[in-house]
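Below you'll find a set of structures to go through.
The same chain A turns up in both complexes below, where it pairs with chain B and then with chain C.
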Partner chain A sequence: MSADYERFLVVGAALFALGAIGFLSRRNLILMVLSAEMMLHGIGLSLVTFSKLHHSLEGQAFTVFVLTVAACEAGLALSLILLLYQSKKSLDVNVWTEIREPDLPPPVDSSSPVAEEDLQEFPKLTPAGLQPDVSRFGNQAGRELVSASQKGGQS
Partner chain B sequence: MDNSLIQILMPLALGAGAVLWLLPSAKHKPRFIAGILGATSFYFLSSLTHQSGSLERDLMFDVFAAVALVAGAMMVTDKSPAYAALWFALVTLAVCGLFFLQSAPFLAAASVIVYAGAIIVTFLFVLMLASQGGQGSAAYDQRPTHGVFATISAFALLGIVVGSVHTWNPDTNATATTKSVVKRDVAAPKPLSQVAQDQEVAGSLHQLGRSLFGDYLYAVELAGTLLLVASIGAIAIAPRRSQGTL
Partner chain C sequence: MATFGVGLSAMNFLADLAAVADGFSFSHVTLSMASVFSLLVASTLGSEGFLTPEVVLTLIPTAPLLAAAIIALLGKPLLKERSHLVTVAAFLVSFVMSLILMFQDLPAAATQHGPDVVESAVDHEHQKSYGPAVIAPIFEWVNIGSVNVRVDLRADAMTAMMLVMVTGVSLLVALFASGYMHGDPGYPRFFAAVSLFVFSMTMLVLAPSFLMLFVFWEAVGLCSYLLIGFWFKKPSAAAAAKKAFVVNRIGDFGFILGVFLIWVNFGSLNFADVLGRPDKLEALATQSPELVTGICLLLFLGAMGKSAQFPLHVWLPDAMEGPTPVSALIHAATMVTAGVYMVARCTPLFVLAPQAQVVVASVGAITALVAALTALTQHDLKRVMAYSTVSQLGYMFMALGAGAAGKDHATFAVTAAMFHLFTHAYFKALLFLASGSVMHAMGDVIDMRRFSGLKHALPITHWTFLAGAGALAGLPLLAGFWSKDDILAALQTAAEHSPYPGVFKVIFAVAAVTALLTAFYTFRAYFLTFHGPEKFPEEAGHHPHEVTPVMGWPLRILAVCALGIGILVGPLTHWFPSTLGQTPGLSHHEAHGLHFGLMAVSAVIAIAGVGAAFVVYIKGRASIDGLPSKFGPLHKLSLNKFYFDEIFTGAIVLPLRGLAKVAFALDQLLVDPLVDLFGAIPRWISSIPRVLHNGLVSSYAIVMFTGLLVIVLFALQVLAG
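Moving on, here comes the complex of A and B:
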C-alpha cells in the first residue's frame, strides 16, 4: 500500500480550520463548544495518521486521551452553559462581554445590530376567498378598500 | 514552485468562498453555488495529493472525507443550533470511517459511542432546555460575528498546513543528520506500542490495550481521575433544582 497519508492530514487540518471558523464566528455558546469538539476531531484524525505512519500505537493511545478530555470538557461546558443561561436567559456570548477587565474598551461588533422585525419570518399564506366587489362603492372608497385588503394580505 | 503554490492556493480560495457563501446573512442565497465551489475545491485538493493506489480505499476515502467536510461546513454555518448538532454527529460518523481506513477500529467504535452517543445527546438536551421560547431561531444565531475575518484567517492557517504537508516527504526530504536524530529521539516507539511493519490492522482492542495499560498505565489512571473530577465539577456547577428550573 503506497502512502496516502497526505490526504488524511489535509482532511484533519480542514476539519480543524472549519472548527476554528465556527468558534470565531458563531455567537451561540453551545455551537462554540461544538466547534471546539470538531477541532478535536481534526486533531484526532491527524494523530491516528501519524500513528500509522510511524508503525506505532502511540498516536492512537494519545487519541484515546484526547477523547477523554473532550468528554470532560463537554460535560463541564454544558453545566456551565446551563448556569449562564439561567442567569441571563440567553445563549448569546455577547451578553457576557461585561465581565471583561474594567479598563478595556467594549469589543467592537462588526456585524450591524439586527432589528428583531428583520428576523421575523411570516408564513406565506395563499390568497383565499373571493375578490371583493368594489364596483358598488364610489371610486375613492373602492381604492381604499382594495389597498386595505392588499395590506392585510401582506402582513 | 510558482505552479505548486497556485495549485494549493486555488482550492483553498474556492473552499473559503464556499464557506463565506454559506455564512448566514440577510439575503437568501441558494446553497448549490456553495456546493459547486466546494466540490471544485475538493476535486482539486484530491488530485493534488497522492492516492493509495487501491480503488476501494480511494473511493471510501473520498466518500468519508467529502461527507466530513460538507457536514463540517454545514454545521458551522447552519442557522438552527439543533441542525448544527446533527451535522456534527454526521462529521463524527465520517471521521470514524476515516479512523477505520487508518486501521483504528477500536478508536472508531469509541468515538461513535462517546461523541455520537453521549456528547450529541447532552448537547441536544441542553438545546431543548434552553430554547423553550419556541419563537424560532434567535437573533444571535442569524448573524455571525466577524465571519469574513474568521474564514480568511482559518483558511490561511489551513493553507500553511497543507503547504507544509505537501512539500514534506518522509523519504527524500530528511537529511542524514535529521534522520538519525529523528530515529533516535522521536520515532522510536515505546516497546509495547510497536507494530510490525507488515501488519494491516494495528489498532485492535488487544494491541491498543497492551499499549495503554503497559506503556501508559499512569496516564490512564490520571485520565480516570480527570473524568471523576470533571463529573464532580459538573455536578457542582450545574444549577440546583432549588434555585429554580430552567
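Moving on, here comes the complex of A and C:
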C-alpha cells in the first residue's frame, strides 16, 4: 500500500520539478503561467497523498482551496498577459525589463529571437450564416453596423 | 420691572444694530449709544437675568473673536466694505460688557468677598483667585502630573480699568478707521486683524496666570506684526513689521525666563499662588533677595520690549508704517501699555526688589529723556507722536519704579502709573487719529515741512488736536496734567523715602525736564501743522477735505475725554485711585491730597514749554530755518534719533549677519559633506546586491528558487539532527 503512495508522491514531485524547470527556462508568458500551474498541481497531488496517508482531511481541504484560487489566479494572469501583449505585441517575458535598477544596463538577451512580424499570422474565420437583417434599425447607426461587419469579414 | 427694562433696552439695542447695518449714519450710532446706556442702567438696577458675571466676562473677549472669525471667513466674498459693521458691533458689546463688569459685577464681588484680601488668599488656597475678582472658568488646558493649566478669565479692578480703556478706545478707533480705510483693498483684512487684536488684548488683561499672560502677550505681538505690515507690498512697512517682531522677541526671551524662574520657585504660575501669597513672597525675599530681583528684572525685560523702553525702543517709531488707526490703537493706547500693566500687576513682587525698581525707574527716565529729545527735531508728524509715546511710557515706568519708596508708597506709585496709562490712552489715541486725519486730508503726506496753517481748512481736526496736545503737554486741568502731577509726586516720595534718594532726585529732575520738552515738542508740532501761512502739498489736490462725520465724532468724543477725564476720575471724585486700590496686591490708601506745590511747578513747566514753542515757531517763524545751524551737532544727533539704528546695525545686526555667513559656510563645507557621507555608505554597500535587480523575471525566479532550495536544505539538515 505504501508503495502506491510513493508513486503518487513521485508523480507529484516530478510535476513540480517539471513545472519549475519550465518556469525557469521558458520565456513565453503563457507557458510560464502553465508551468506555474503545473507546480501548483504537483503540490496539490502531494498534499492529497499525504492527507490519505495520515488519514487527515486537511490536505484535501487545502487542495480544494488551492484549486479554487488557482482558477481565479489563472483568469487574472491570462487577462494581465492579454494587456501586456496588447501594449507590446509580444509574449516574450524578456521584453518587460523596465523595472530594474535605473543605472544597470539592459539584460543582454532582451530582444526576442523571433521577429515579431512573423508572429502576426492569426487564423481567419470564414464568414458563415446569413447576412443579418438590419433594415429594422433604419438609421445611420444600422448602416454603420453593417459596413463595419462587412469590413471585419473582409480583413 | 428691571427685567422688563433689560429686555426692552436689549431689543432697542438690537434694532439699532440692524439700523446701523442698514445705512450707518451717525445718528444711528448715537441712538445705539443711548440704548447701550439704557441697557447699562437697566441691568445695573438689578438683574440676575442672562447677564451673569460669567457671561459678561466671557462675552468681552468672545465678541471680538467672533467678529475676527466672521470677517476672516466672509470678509472678502461677502462683507467687503461692510466689514467694519461686524467689528464695531463686537466692540460695542465688549465695551458695554466691560462697563457692566466695572460698575456692577466687580462691586458685587467686592462686597461678597470682603475687603480683607490677604487673609482670604491664605484661607482659601484651593480658590483659583485672590482678592475681589470675577472669574469665569472656561476649560482645562493641560493637566499632567503637577502641571495644571486652566484657561480661565479673571477680572479684578485693574483688569476692569484696562478693559474699559481698551474696548472704549478700540470702539472709537474702529469707527474712525471705517472712514480712514475706506477704499483700501485690504479693508476686511484690516478689520479682521483689529478684531483679533482686541480679542488678544482683552484676553491678556483677563489672564489669571503668567502662562496665559505670555500666550496673549505673544498674540498681541502677532497682531501688531500683521498690522504694521498691513501694506506689505511697501518694503519699509515689511521691514518695520519684521523689526518690531524681532526686537520684541528679545524682550519676550527675558519674560519667559522670568516665568520659568517663577515656575521653579513657586511651583505654580497662577497669580493667586504667586502674587496672592505675601507670606511666601516675604520668605523668599529674605532667603534669596537676588532671586526676586532676578525675576523682576527678567519680567521687566519683557516689559521693555513690549512697551518700547530704552534700548529696545527702536521698533516703535518704525511701527508708524502701519495704518494710522493702528498706530493710535496698538502703538499708542493699548498694546504698548501691556508692559506697564504687567509690571503693575506684579507689584507684590517688585515691592520686594528695590534694586529692580531702581532699574525700572532709571530705564524709564533714560527712555523718557532720550525720546523727548529725539521728538524735538522730527519732521514726520506721526514720528513726533511715536517718540512722545515712548517718552510717556518711560514716564509710566518711572512711576512704577518709584514704588521703591517702600510698601506703603508702592500703591500710590502704581496708581500714578496706571492713571497716566489711562489718561494717556485717550489723548494719545486722539492725537494719532487727528494726525491721521491730517494725513488723510494732505494726500498721505505727513512731513510737517510740506504743509502748514491748516487750522482753517481742517477746523475739527485742529480743535481736537489742540485738546490732545494740551493734555499731553500737561496744561493745567487737562487729563495729562493730573496724571503727570501724580507721577511727579510719586517720584518725590521715592526721593524722600527710598533707599536710593540720590538716584530718585536725578530721576525727578529728568521727569521735570522731560515734561518741559514734552510741552515744547507737542506744541512745535501743533504750531507747525496748524499755524503759519496756509500751505498744502500737491498730493492734497486743490482743496483739502475735512473729516467725514464718521471720523469726526470719534475725534470729538476723545477730545472731550482728553479734556475732562483726568479731573473727572482723579482729583474730583477720587474714583480711579479708590477703584484701583481694590486690586489684589495693592493696598487701600487714603486719597492723597493735592500737591499744590508740585502742581504749580508742573503748570509753570507746561506753560513755559508751550510758550517757548510759541516764541520759536510763531514769533520767530521766519528764522526757523536758521535754528539747526545754531545747535549744530546737537540738532543732528536728535534728528538722527541718537544714531540708535546705526549703532544697532553696527553692533548687533552686522556681526550677527557675519556670524550667519560663517555658520552658512560651516554648514556648506563641513556639515553637508558629513551628512552626504553617511548617505553614501548604504549606497555603496547596496551596490553589490543591486546587480540582481536587473528587471528580468527569469533571473528573479532563479534567485527565488535558489533561496528556497537553501532554506529547504537547511530545514532538512536541522530535521536530520
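In the analysis below, the second predicted complex is superposed on the first by the 100 of 155 C-alpha atoms of A that agree within 3 Å, B and C clash if a C-alpha of one lies under 4 Å from a C-alpha of the other, contacts with A are read in each partner's own complex, and residues count from 1 in each chain.
Just so we're on the same page, contacts are C-beta pairs under 8 Å (C-beta built on N, C-alpha and C of every residue); 3 or more make two chains touch, one makes a residue touch a chain.
On a predicted model such as this, the values are computed, not experimentally measured, just so you know.
In the three-chain model built by superposing on chain A, chain B fits alongside chain C with no clash.
Of the two partner chains placed around the shared chain by superposition, chain B and chain C are both touched by A:Arg27. Of the two partner chains placed around the shared chain by superposition, chain B and chain C are both touched by A:Asn94. Within the superposed three-chain arrangement, the count of touched residues of chain A is higher for B, of the candidates chain B and chain C.
With both structures placed on the common chain, the touch criterion links A:Phe65 to chain B but leaves chain C unconnected.
By the touch criterion stated above, A:Leu104 is placed in contact with chain C alone, chain B being left untouched.
After the two structures are overlaid on chain A, the closest C-alpha atoms of chain B and chain C sit 7 Å apart.
Overlap of the chain B and chain C interfaces on chain A: residues 20, 24-25, 27, 93-94. Within the complex formed with chain B, the chain A residues making contact are 1-4, 6-11, 13-22, 24-28, 30-31, 33-35, 37-38, 41, 44-45, 48-49, 51-58, 60-61, 63-65, 67-76, 78-83, 85-86, 90-94, 109-111, 114, 116, 118-119, 121. The residues of chain C lying in touch with chain A in their complex are 690-691, 693-699, 701-702, 705. Put simply, chain B touches chain A in their complex at residues 15, 19, 23, 26, 45-46, 49-54, 57-58, 61, 65, 68-69, 72-73, 75-76, 81, 84-85, 88, 91-92, 95, 98-99, 101-104, 106-107, 110-111, 114-115, 118-119, 122-123, 126-127, 129-130, 136, 138-147, 149-151, 153-155, 157-158, 161-162, 165-166, 170, 187, 189-190, 193-197, 202-203, 207-208, 211-212, 215-216, 219, 223, 226-227, 230-231, 233-235, 237-239, 243-244, 246. Residues 20, 23-25, 27, 32, 93-94, 96-101, 104, 106-107 of chain A are the ones that touch chain C when the two sit in their complex.
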